[in-house]
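Consider the two complexes below, in which subunit A is the common component and subunit B and subunit C are the respective partners.
Here is the complex of A and B:
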């Protein structure tokens, strides 16, 4: 037993030197998290408050002008007023505008007719559907402001109505950075756990160095354990670094407990490492291992984890696939720990699913690598 | 001279395509990516579970809630009977939104006052929450105008007529799939180029190439042609899938698309060659490809609009060829982008291609000498 531990220690030492001496490991564990966090933290924003809208106003009535004012006053719009409709349409095609609002010359005339209503045309650039629906929603909002003001100024009795008072819990200012940064930490850890591990193990196979290891008393299990411990430490180091960046540089709140965070990240790293080891045991080639880990590790972590795209909106089949994506549980746990706090039940559920996934993975790895020794 | 280059090109194709596993890897991941991306990458919000805490006993509140239950967006409505349950369900991500109606709701409405409805949303998913709020506001507006009509008030004498051009039903796939034509072409091209030299170097065959009678520029050409061919092939594959499987309308000029794709592939090859000339092993090459690709894709406007980014980031996208190519592809697919606009986006790609290829050649020669 003592011999065994000594062998593993020696292997870890070897692995440690390899990590230190190979710039690509440092690149992935140190520089890449920095790049990714900066880009996600500062670069990506889903907050639409600078929508460029072309405004054509052909009617000169007081109502039309008041409507125009409520569009200009909307904090979401940047209004370009013009009478050259052709030019505005060209700009919409050239991606220079997000929408065009038109108040036609017959606006006030139609308003006075009992059988007609004064139309306001809102054309959005549907080639970006998310932005287009924001254009439509905010236009509706501007129009409602106009209606409300008209009501007040006309002095007519107030119509009883229901007023929605929205409140966004845990992220009052709707800062998309608050959910993107924790999500990108999960992606970084997937990369270290899965991609890097798959590559380094596949490299041993490809270069034949694994055969020289097999001629020593080291068993394949010891070899895998040593790899795991080394990359586990690297991943945890990167996790601490990313969390520090998130809190100190991006000013994210951290409302949970650091102890729980370390448990959650350890469990997730074990799963991610398991995926990486499994990939490299199945394919002994670096190129293939990297492709498989991108398709099965990185992309799902990015696309299917609920990090940006809402899982409930996906088709049933893809929703079913997401249940075995470890990053899904990690993203949910991280977002909760950062923004909400230690919600016991949610964390417990997420951790136990990840543990179950880890268990299944290691059973498969164990079976596969034993076969190979025969 | 052409004979030598031709021989090298043939050799390159054989190295890339001879291995079944590599062949599979070249073909299947892009297709898997295409399908996963196309179906999963949606910012639409559907099948949402919401919660209701109704402390009002009047008819009005249950009428309002019925409208939420009838909406297609909200697949399930859970009923709570305490504030504690609201907290519990939001915290555990069981519901995205809770509608809280307090006990004087109906009373207020009956006495012709404003009645407040509190909508509590999970800010952990602020984008989805905002979209859900949009749906909820529409339902409440409809309720308000019906109520006004019922009570004999004059309905509003103006109306907003919304139209979504180029994509009337706002189908999200029409947005993602054309973008993927660009992204997947990028991935394949950069992976093939960066690996080809790194592989030779790792296996030691690079020296053999150098002692052959070939000039460095001939070696470079021999390395780039297969990447151009395979990159364009992959692009064509995705293009066909977009048109024939995903049925994204294709309104513009196919010729212009291919011309810009060619320039785009050239600019990417420059990057691939540059990366592979600074890397010693395949692993280093792959990882640097990765480090290059993540920012390149994120800062291209593929998923999130460039104009939302801080100014410095917007500035840095100027050198990103993907940014221009995505505009071209999306424009040609949906908007029948006029030639002037295509040209405006092609010339930066051409400049970047010239710059990258020159730099890569220079680096390559310096490495050899």
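Here is the complex of A and C:
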């Protein structure tokens, strides 16, 4: 038993030296999280603010000025005023503008004639439909704002109808960073657990070191355990680093408990490591190992985990597939812990599904692994 | 009781399609030094891996000290040590960290560690390199460290897979000293090698050819039937290559090979009245009896050798004779960062000459070579081929060049025919179809034209690569380690083709680490650590180091001695 532990310790020490001397593991565990978090923290935002709108005003009436102010005051728009319609259309084509709003010369005339409709012209770029619908909706908002103002100023009180006042729980500002950053932490851990682990085992095959190791008295289980412990620690380290970055640098709230976070992360890491080790039993070549782990680990974690694309809006078949993607449970648990708090029931479900996946994976790995080359 | 018992072991790969070991049976005793020799791809590594309980045989069984390799692999791993090819070292760990890792895996006590490390570091002369990363060691030092890692715990059986590949001759000799020292400890050592001369050093030698045992027993038993049958034809006054050709056609001769200015012949059994005159070697020529060596024995055991002269002979047009040098290297220097891979190398090669670059791996042969073919730009100096400068007129110069790269560089997922068509296309060969058909004829590729290059047997890969390189009838042919790993008879055939091309006036520049093979060259440049040590004919090089200590020096001796002299001069 003591010898067993000594052997495992020796292998872990070896992994440690290799990690600190190998640029690729530092890159994946240290630099990559930083890049990913910066991209999702600062770079990408799924909210459309500051839509660039070209505004043409042909009417000089008070109503037109008031409408213009309503557009300018909207926090969603950045207004470029111009009278050169041709130039604005060119800018729209060149992607310099997201849309064009035109208040025509007959605007105030139409306003006074309730039987005529559509005095404001809104054009948006249909080649990016998402943005186009934002332009449309926000313009409508600005228009309604203007109408409300007008009624107040004309003395007639607004018709008291049912008012919808939306409140977004857990992410009050609807800030996409709040759910993207926890999601990217799950991606980072998938990369370390799956890609890095598969790569380092494949590298031992390529360099022939595994042959030497296998002819020593070490057992295959000891070998796997040593690999797991090493990359488990590396993954956990990277997790702590990413969480600290998320809270300190990106100002994310953390509403759950750190203890629960560490349990959830540990369980997820074990699953990710399991996938990595399974891949390494299938492929003895670094290139193929990285291809398999990207296709089976990284891409599903990216697309099918609910990190960016909502699972509830996927077709049934794809939704069924997501149930075996471990990252799905991690993303959900992380988003909950960061934004909501420790929701025991949800966390418990996520953790137990991940544990079940881990169990299945390790049964397969131990059945498949032999202390042999064929 | 024998330590190792191998009984009817058969191992196949790819669902039985590739037979790696075919019904192998043998026994090794305690304390024996066993050599497993044979060309690449004949199953040497597979046999060693099955012995190390890393592969499961399809049928048959191996037992080591009474333990079955399939059932008791765990107990086998407690009594054997195994050094795989490439030595199994962690390159990003230091020398000491590697030792520590393997010591812990082998279950050494921490109290014993220090004394064991001390004695092993002494034994391997690595004391001053303990903190160096294994990846930064030279080939020779890596090999010694790999060996040290296998000796941390005294094994009953030590398995070394090609321990001397890619290691310079000097380190190779040091390794042999160490292996002999182990024998005294009653350790059974099994090693594999592609160099037949190394197989002679063992107590017992196993010759493997095409997955079966060709011979197993004492090397002397293999050599004794060859006594009085191996001769050198000396003082040849006529054309040496002509004599070689005649000899290789002669039914009384089993094997012919160039050895410096002489030609080595192995006669058939019971051939007592050999008439030298029929080979037309000139009036002064004489036969001199020499000691048989392993390669001679290989042909004797193989027996089957179809006698034929390279059909290239009739196919090639003779080039016009010219006295001017066809290859001219002047002060070629290549610097990589702070490392000088080739340092001020100057030589020239005439038409009809075979010029060899000889040196261990990493000496700078390939770098020099690549500068000559225009694949690498020299830091300093010039390389001209057939009077065209590779710097100023690379495409004109390259049209005169045929190049066969190390490991043959064929398109592995294209068939042999498609490879030929591709290379005839890029060299803009006229009458493509005709040229391809001729190559298929010359190199007997008929049965293989529709097989992917990756799946060709090694010997045929080599033929195909040569065909692709010479299809456009180049004036100068560069061959980078062309015979590495192929069996001796394929090598003979290969040199037959080379001879035919030289006869027609082509120049050959060749690199090799087979010291024997360098004997074929008209002149040799010895290269070590990026520097040109000496250029001379093989005979003169050998003569230069002849002394009382080495009365009959080989080219390897010459290489070692001349490298030493060079070093001493530098230190002065």
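The rule is short, and it goes like this: the second predicted complex is superposed on the first by the 339 of 374 C-alpha atoms of A that agree within 3 Å, B and C clash if a C-alpha of one lies under 4 Å from a C-alpha of the other, contacts with A are read in each partner's own complex, and residues count from 1 in each chain.
The definition used in the following text is that a contact is a pair of C-beta atoms (placed from the backbone, for glycine too) under 8 Å apart; a residue touches a chain by one contact, two chains touch by 3 or more.
None of these values were measured; they are calculated from a predicted model.
Tell me which partner A:126 touches in the superposition: subunit B (first), subunit C (second), both or neither.
In the superposed model, A:126 contacts subunit B only, not subunit C.
Just checking: does A:186 make contact with subunit B only, subunit C only, both, or neither of them? Give me first, second, both or neither.
neither
Considering only the touch criterion stated at the top, classify A:214 as touching first (subunit B), second (subunit C), both, or neither.
In the superposition, A:214 contacts subunit C only.
Looking only at subunit A, is it subunit B or subunit C that touches more of its residues?
B
Regarding the shared-chain residue A:35, is it in contact with subunit B (first), subunit C (second), both, or neither?
After superposition on chain A, A:35 lies in contact with subunit B alone.
Check whether A:22 is in contact with subunit B, with subunit C, with both or with neither, and answer first, second, both or neither.
After superposition on chain A, A:22 lies in contact with both partners, subunit B and subunit C.
Going by the contact rule set out at the top, does A:201 touch subunit B (first), subunit C (second), both, or neither?
neither
Just to be sure I read the superposition right, which of the two partners does A:6 touch: subunit B = first, subunit C = second, or both, or neither?
second
Taking the superposition as given, does A:313 touch the first partner, subunit B, the second, subunit C, both, or neither?
first
If we overlay the two complexes on their shared chain A, which of subunit B and subunit C does A:94 touch? Say first, second, both or neither.
The answer is first: A:94 touches subunit B but not subunit C.
Across the two complexes, what residues of subunit A are contacted by subunit B and by subunit C?
Touching subunit B and subunit C on subunit A: residues 22.
Which positions of subunit A touch subunit B when the two form their complex?
Answer in residue numbers: 22-24, 27-28, 31-32, 35-36, 39-40, 42-48, 50, 52, 63, 67, 90, 92-95, 107, 111-112, 117-133, 136-137, 139-140, 143-144, 146-147, 157-172, 174-176, 178-179, 191, 195-196, 199-200, 203, 283, 285-288, 290-292, 294-295, 299-300, 303-304, 306, 308-310, 312-315, 318, 332, 335-336, 339-340, 343, 345-346.
Over in the complex, which subunit A residues touch subunit C? Could you list them?
Those in contact with subunit C are residues 3, 6-7, 9-11, 13-14, 17-18, 21-22, 207-209, 211-219, 371-374.
Across the complex, what residues on subunit C touch subunit A?
13, 49, 52-56, 73-74, 77-78, 80-93, 97, 100-107, 133, 149
Which of the residues in subunit B end up touching subunit A in this complex?
21-22, 25, 29, 32-33, 36-37, 39-49, 64, 75, 90-93, 108-131, 133-134, 136-138, 140-141, 143-144, 147-148, 151, 153, 156-168, 170-172, 174-175, 195, 279, 281-284, 286-288, 290-291, 294-295, 298-299, 303-305, 307-310, 313, 327, 330-331, 334-338, 341, 344
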